[in-house]
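Listed next: structures, encoded as structure tokens.
You will see two complexes here that share subunit A, one where it goes with subunit B and one where it goes with subunit C.
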Partner chain A sequence: MKALRFWLPLVALVGFLGLAGYMLTKPKDEFVESRMVGKPLPFFTLDPAVPDRPGLASRDFATGKPRLLNIFASWCVPCAAEAPQLKALAARGVDIAGIAIRDRPEDVAAFLARYGNPYSAIGKDDLSEVQLAIGSSGVPETFVIDGKGRIAYQHIGDIRAENVSMLLKKLEEAR
Partner chain B sequence: MIAEIGLAALWLAAALSVLQMLCGALSVRARGAGGAVLTNLTRPAAVLQGALAAVAFAMLLWVFAITDLSVKLVAANSHAAKPMIFKLAGAWGNHEGSMLLWVTVLSGAGALIAAVERRLPERTMQATLAAQGFVALGFYAFLIFSSNPFERLPTPVAEGMGLNPLLQDIGLAFHPPTLYLGYVGLSVAFSFAVGALVTRQVTPEFARAMRPWVLGAWVFLTLGITAGSYWAYYELGWGGWWFWDPVENASLMPWLAATALLHSASVLASRDALRAWTIMLGVVAFSMSMVGTFLVRSGILTSVHAFAVDPERGSFILALLAIYIGGALALFAVRAGTVAEGERFAVTSREGALVFNNVMLSAILAIVLLGTLYPLLTEAFDVRVSVGPPYFNPVGAIFFVPMLLVMAVGPLLRWRRDSLARVGREMALVGAIVLAALILASILGEVPLLPLIGLALAGGLAVASLLPVRGRSLQRVPMATWGMVAAHFGVAVALFGMASESAFSKERLAAVAMGQSVAVGPWSIRLERVEPVAGPNWTALRATLLASYRGGEPIELAPAARDFWSPPQQTTESALATRWNGQLYTVIGEQADDGRWQLRLWWKPFVPLIWLGGGIIALGGVLALIGRVRTDLRRRSVLRRSATRRSDRAALTAEPAE
Partner chain C sequence: MRWALVPWAILTMLAAPAGAQDSMPPAPYAYRQLDDAAQEAKARALMETLRCLKCQSQSIADSDAPMAGDMRSQVRIRIAAGEEPEAVRAWLIERYGDYVSYKPEMSRSTWPLFAIPLLLAVVAAVILARRLRGRA
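Now for the complex of A and B:
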């Protein structure tokens, strides 16, 4: 019994080696996934970010029709990169709501004038309050909200061309 | 050519480490019989190996100094327009260069023990040097095969990429080398422990031989951690001094183990007790250095100390860890039972107190290790967590507080057996101070529980740490005792700084117009002007603040936001005003739309005591080290003289027979 305790340090080391070795083989996932996926949108009301689009509130989503909720900012480079994909989605009849993060109205307007405006409504979130509440850790992120106002899916990072059909499928599933 | 000389030196050093390992191992097996030639080779091999590693490192410094852009590492991490000191510091501000520094320190330490350590039985020394050579070999392989610092580019580039501006700071020039001297210096304790296990010579003599080496490494580790903490404090502009970041923990863990090892080695040296425990700490201390290296370089944990990470390097270090630490712990498991238990002692005794503190230090070590690895563990089950101050502070305190209490009393106790009644007066004094400080601090203001306890214990410990020299003739107190007194007093000073910082800090974030004043704590700060300035490889916006303490004569502070252009990055340069009772910390932020400037201000009472305390702790280590080395030198000269006398006498008595 007494001799056994001398083996304990080695056992601890083997445990560490096993864990570290296993984790080294796993690709490192830097994304922070939202814990709100599957839950209803938290309550919020946001003022309009630009004059020609209405603001955004959580109650706008429980309308029976699935929508995309895109979190973006005029200062965010990948947001510009995903603009063509959002345009393509809008052209396929997808209703896209936007939330502009920590932005100025004139900058948002300039951004939309330059890259196109696929949004039916844009709320301004100057303190990232809504962004944090729905569990988004960066821009851009895109959420699929189902007809009951629940978060059905979270896409982290810019939407690439190959993601468009996947998002259309998720929207179909959320119907 | 220079780079090739460096690489050749590395290969030669690797070959010598093989020689050192084989000669050492074979002479241990030969038990001194017939292996004399091999035995005589081990020490020179170790010394030469250390010299060659130093040559390799000097070559690396050289290519960085002349900004040789055909060397990949220089091109990726340096820039011709950098000031010379940061060109040199850039040599170790990256993965490959810092690994070379690591190895240079490792073989330098090996060379040093080979050159000067003569107290232990030669067979134990041979085993120790063999172990040191074996460890060095693994790291040479790591350097040469997966992190070659001397790799050339097929075509030289026109200009280098530059060094991360956060690292272009005088603090960084000295922080890593100091820390590495500590980390890697612990390899000596490791090799000693392995050597003693192999020959089963775990004796007080062994502890006395190992102690100065551990002390030396520990002093550097203490200084490195203290300097790193201060660097993070003023350079990162967050106003915090410890973040429980995995890499900070990686430096704290070897320190905790080394601190425990110092104390248990003392017990072994004076009383021949705690044999197996001391050996295990010797192995654990260096294991923690290696685990830290693995965590930082593999990128397995997310940390602010980003190195260019690479899973292949991670696997390499993990393999080294498995071989060395696994091997040593397996040897320990097999041999520890046969290392006789050692002397017994009563619970109330110097040994008892030291054992208690050893257990507490190990518990804190376990807590830090667990907190650091916990995110890794949960991630294996796909759960993301981050562990921070809400875990480390209270859970650590559970063990830290009793440790401080025993630390106040322990040095007053006698070896082997004592009674608390004998030190009753001293204990009452310390208790009274703790109580008075508790009451005083709670009257002064709303102080949270942990800082409150911290303040009270700091007061008690500060007085208690001086008690061991009371009533003694100060000139006759041994140097090592002064070292202990200083180190313990330093802990009290640092603790007071930490507790005061978290209890009394005032923070203010304000948007300030030109000429307007804001107040933080007793300070009133006026924004005078903001102007652009240019440095060697940056431009900056520098604010000029006039800060006045309680309406006194204002002093000028100049916090700045620097824009480095190679690589492009912004840094905040905080400006500090230090008084005897604290520090004012100012940072300039962005300009708002209406032209006002963001200022971030802190008043941190007694915060410099944290680092002053760290310095005093290290000073204690230096004093103890001087004391130990002097005793050893005196012993050597006595031995030498008595040997001469003996041989003289032998010669005299032999003469008449002629």
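Now for the complex of A and C:
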């Protein structure tokens, strides 16, 4: 009994250090997930980011058809990396709306000329207002918006080739 | 001769890698204070307790990231429009969760942080009282 009372604090300390050491070896989760998933898209109206595509407003989403909402920027390197995947999704008949964050029209146009333009509409968000309103914390991010205009899913970071079928499934579920 | 290159080598190491960043001008109230000093003080106090989402160990008041500037601008515009700081904080928490706020909040997941020190203090007081009584 006495021995137990003597060793217990040490055992507790070693246990705590072990746990702390173990947690230190785990990589830090840098992603801040949006809490807006499951909620309706907040109200917004954005001017066109390029002359040859219309701008974007929240009312364009509750049309009965699920769409992808891609948050991107011409100055963002992973956004260029996900371009082939967006192209593949568009080729499968997915309607992709874009929001260009803090971007100049000529830079967006040059970006699209170089990497392809999979968007049916692109709104310009020069003050990250819509980005903040939907709980997005970086570029690129891709949201699945269901036919009722509700945010159904958030993909953080660039879309890799292996994510394409997952997004197609999420779109199917959001019908 | 070779040693003459050392300072250059050190300077090269110090140079920060160019991060992906836009070339747009900052948001209107990213670096501009509100004209009303009382409102600016309110906005300032709030900004110091909001986390920059791009640079997660800094507050938006501390960060020069464009997104932090956009958040500051939005905070200032909302405060200037008469919104209460706690309402702005609640708006952001609704979007990003408790993580966006540095202000300690008692919630279902954080209450042990507040309860355990109190509990330990009580235990310490009981032990101390018993020992002192035994001595007297």
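Keep this in mind: the second predicted complex is superposed on the first by the 148 of 175 C-alpha atoms of A that agree within 3 Å, B and C clash if a C-alpha of one lies under 4 Å from a C-alpha of the other, contacts with A are read in each partner's own complex, and residues count from 1 in each chain.
The rule we apply is simple: contacts are C-beta pairs under 8 Å (C-beta built on N, C-alpha and C of every residue); 3 or more make two chains touch, one makes a residue touch a chain.
Nothing here was measured: the structure is a model prediction, and the numbers come from that model.
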(request) Tell me which of subunit B and subunit C touches more residues of subunit A. (result) C
(request) Could you say whether A:22 touches subunit B, subunit C, both of them, or neither, answering first, second, both or neither? (result) first
(message) With both complexes superposed on chain A, which partner does A:135 reach: first (subunit B), second (subunit C), both or neither?
(response) second
(request) Scan A:51 for contacts with subunit B and subunit C and give back first, second, both or neither. (result) neither
(message) Per the contact definition in the header, classify A:93: touching subunit B only (first), subunit C only (second), both, or neither.
(response) neither
(message) Touch test for A:7: subunit B only (first), subunit C only (second), both, or neither?
(response) first
(message) Under the contact rule defined above, give the subunit A residues that sit at the interface with subunit B and also at the interface with subunit C.
(response) 32
(request) Can you check the complex and tell me which residues of subunit B touch subunit A? (result) 276, 280, 283-284, 287, 291, 294, 298-300, 311, 314-315, 318, 321-322, 325-326, 329-330, 332-333, 336-337, 373, 376-377, 379-380, 384
(message) If we count contacts the way the header does, which residues on subunit A are in touch with subunit B in the complex?
(response) 2-3, 6-7, 9-10, 13-14, 16-17, 19-26, 28, 32
(request) Flag every residue of subunit A that touches subunit C in the complex, lowest number first. (result) 30, 32-36, 73, 75-77, 101-104, 107, 126-129, 131-135, 137-138
(request) Please name which positions on subunit C make contact with subunit A in the complex. (result) 20-24, 27-28, 53-54, 56, 66-67, 70-71, 73-74, 92-97, 99-100
